[in-house]
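Mind looking over this structure? Questions follow.
Per-chain numbering from 1; labels A, B and C assigned in written order.
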């Protein structure tokens, strides 16, 4: 196309030249700087936690070798020399987590299946907020309920000396991990494409056969993630186990023994520990192990969940 | 080959179990709430709410614990909300899809899974000791804010993402800067969602016990905190102590403390739900 | 071969009186490894309406968004070649994208008024650009709404939400919003595709009126519309790797009645024939 300039129309030079030069906008730069820093803060806090746990916790291994620390069966911080073996806490944590998971998973998954596949919409709309309320009840409250109501019941049921034991804690914990298991499993079941179910119905399967043979297998990785998240929650829970697990320092032989989890051990001992002393270091080392455990569980859950999401997204 | 009727029976049995599981989930919640109201309702007098405790909490009221919890919620909000919202803005409006963003997202996910007692250890080492805040409201608020951060960022991010892209484009396309677009278009639209998240976060903070047990909650104090560097009482910690450590506590008083805690926490949860429902209806 | 065109008023505006407002030289655009535009070269005249036509997915909108750098918002976008506004390269690193977008406004496919009142919608741009005075703002609002042929319809409900207007009114509100920041170029990305025929005609009339003062570029899939409103037209197509290329560019009348390229002819006759 040829361009000829005509006196009556504006030429490039006459066009009001509003510059395109970059403007400073100092105020915005400053705010955006803060926004960037705030964005980084999550990393800073997480790294800060790791750093603190390592800095305060690792020195204990100069005193007690890692093997003895992890598998030693005695925790005598006030003995001379002090002995730090966290096997009782590790075993307690694993035992309580395992039992609470065994209780919570079938109930939680069944509840999720009911809500997503069976329940009339009105019922589901009523039940979901109630489960949300359960998620909102503080753990100290659950501990108190376990202490006041559940432990006498467990005590008389198993003819125990005290109802404050691992089983009581595990039952309360299972209740507390239900909301996350239900909601994540339900999301997973919801994500199963309708075509899958329709294909199943078209083959003459009943609703239950469809749930059991189609929906649950298809949602399995999401359900697995839900279970992992529930496990993570149970491992890290403090107040409930502190109040109802019985706080005995021996390695528990049975679920109905009183016991102390890692979280409860931290809560019990931190108040008496001299800051910077060996016991203080040992407590941070427990924190470090606890952190690694929950981090591992959460990372696995996240991985599984990512895979589940990709599976049905086209 | 199984007959149709036997398959029907299987289905009915299975559905009964699914329903039962839901009942097992729901009934304890209702039971806990109703039982607490019944057992603690009697203790809930005006004096109980506005008096100081006496005789190791056996008599008197729980005013300092209520006030302390209120301060903690406020402190958590003051620290976690602005930073969480700014971080949410960074992630939705500025961050490119690169390694740093992935790292931030990874950090947020994992931060949400860190046990609360570990936050307590972190707060003790950083705020109480390294920053010399001592066992104090300030140290506890900062600790709880760190814990609430992941949740506030996540909910803010969701709220910001729900604002239609068209609004942003319309604004950017007339030469409005990115920050102005966020400030005047995106943030006002996302505000209800952000507030919902913040309310939920402080409701969690109000019920949190393990971290404050480490960084500054006290069982009994003669006076209300007058500065952020004072120690404080708090409802959940008070419930922990009177239920687990004080012998011969009058049962009704303990249930009363539990009821007040439950009311504080759940009323904020209900507030959050109400905001959510209201904005959904408006749209 | 004769083409039976059903074009109501073929524009015959003498485009050679205008200067080159926008110039594209050898521009290619990539989304990651996918090439969306290949070696586009064209010059857009001022005081005229230029239509970009072509089958869907051929990169019309991408080409349009090259002019106000809206493509920058998508991560992983890479632009090669040169794009100039009044002789200044707009992909230069020293360019302020915000200033560019003040001068090159954009109207979108789906009307997107902000969730605020009609007045606030129009005043939004000027306010952000520093106009504080209430009276001045009111003046801008009235002038822009009049320019956008919307004033008479909304003057009694300026305080109402922009979202409460009809689709066509919403689109004109969006045009008023752009006019309020006094741009030189207005980009329109299928502005009528979400509107009914009556609303469409109103927008087309409006475009013709605005053409005297603004450089307008419109992307449209509707060839009658391109023929009705534009002075020059660009026909784009996809190549086998789905990269968009410019096939033919020239005065609208010529492109529609006497296309030089066989592909243009096929497309036009295919649509009308």
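By our rule, contacts are C-beta pairs under 8 Å (C-beta built on N, C-alpha and C of every residue); 3 or more make two chains touch, one makes a residue touch a chain.
Since we're looking at a predicted model, the values are computed, not measured.
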Touch-based graph of the chains, sorted into line, ring, star, complete or other: complete
Pair of chains joined by the greatest number of C-beta pairs in contact: A-B
Longest centre-to-centre distance from subunit A, chain (CA-based): C
Subunit A and subunit B, separation of their C-alpha mean positions in angstrom: 15
Subunit A-subunit C separation of Cα centroids, rounded to whole Å: 51
Whole-Å gap between the CA centroids of subunit B and subunit C: 49
In subunit B, residues with contacts to at least two other chains: 177, 180
Shared interface positions of subunit C, touching two or more other chains: 98-100, 102-103
Footprint of subunit B on subunit C - complex, ascending: 68, 70, 73, 75-76, 98-103, 105-106, 108, 110, 112-115, 124-125, 128-129, 174, 177-178, 180-181, 183
Residue ranges of subunit A in contact with subunit B within the complex: 25, 28, 31-32, 34-36, 38-43, 45-49, 52-53, 55-56, 106-108, 110-111, 113-115, 118-119, 127, 129-134, 136-141, 143-145, 147-149, 175, 178, 182, 206-209, 211-212, 229, 232, 235-239, 242-243, 263, 266-267, 270-271, 275, 283-284, 287, 290-291, 294-295, 297-299, 302
In the complex with subunit C, residue positions of subunit B that touch it: 96-97, 164, 166-167, 169-177, 180, 184-185, 189
Complex contact set, residues of subunit A against subunit C: 1-6, 8-12, 15, 17-23
Subunit C residues within the subunit A interface of the complex: 15-20, 43, 45-47, 85-88, 90, 94-96, 98-100, 102-103, 184, 232, 249-250
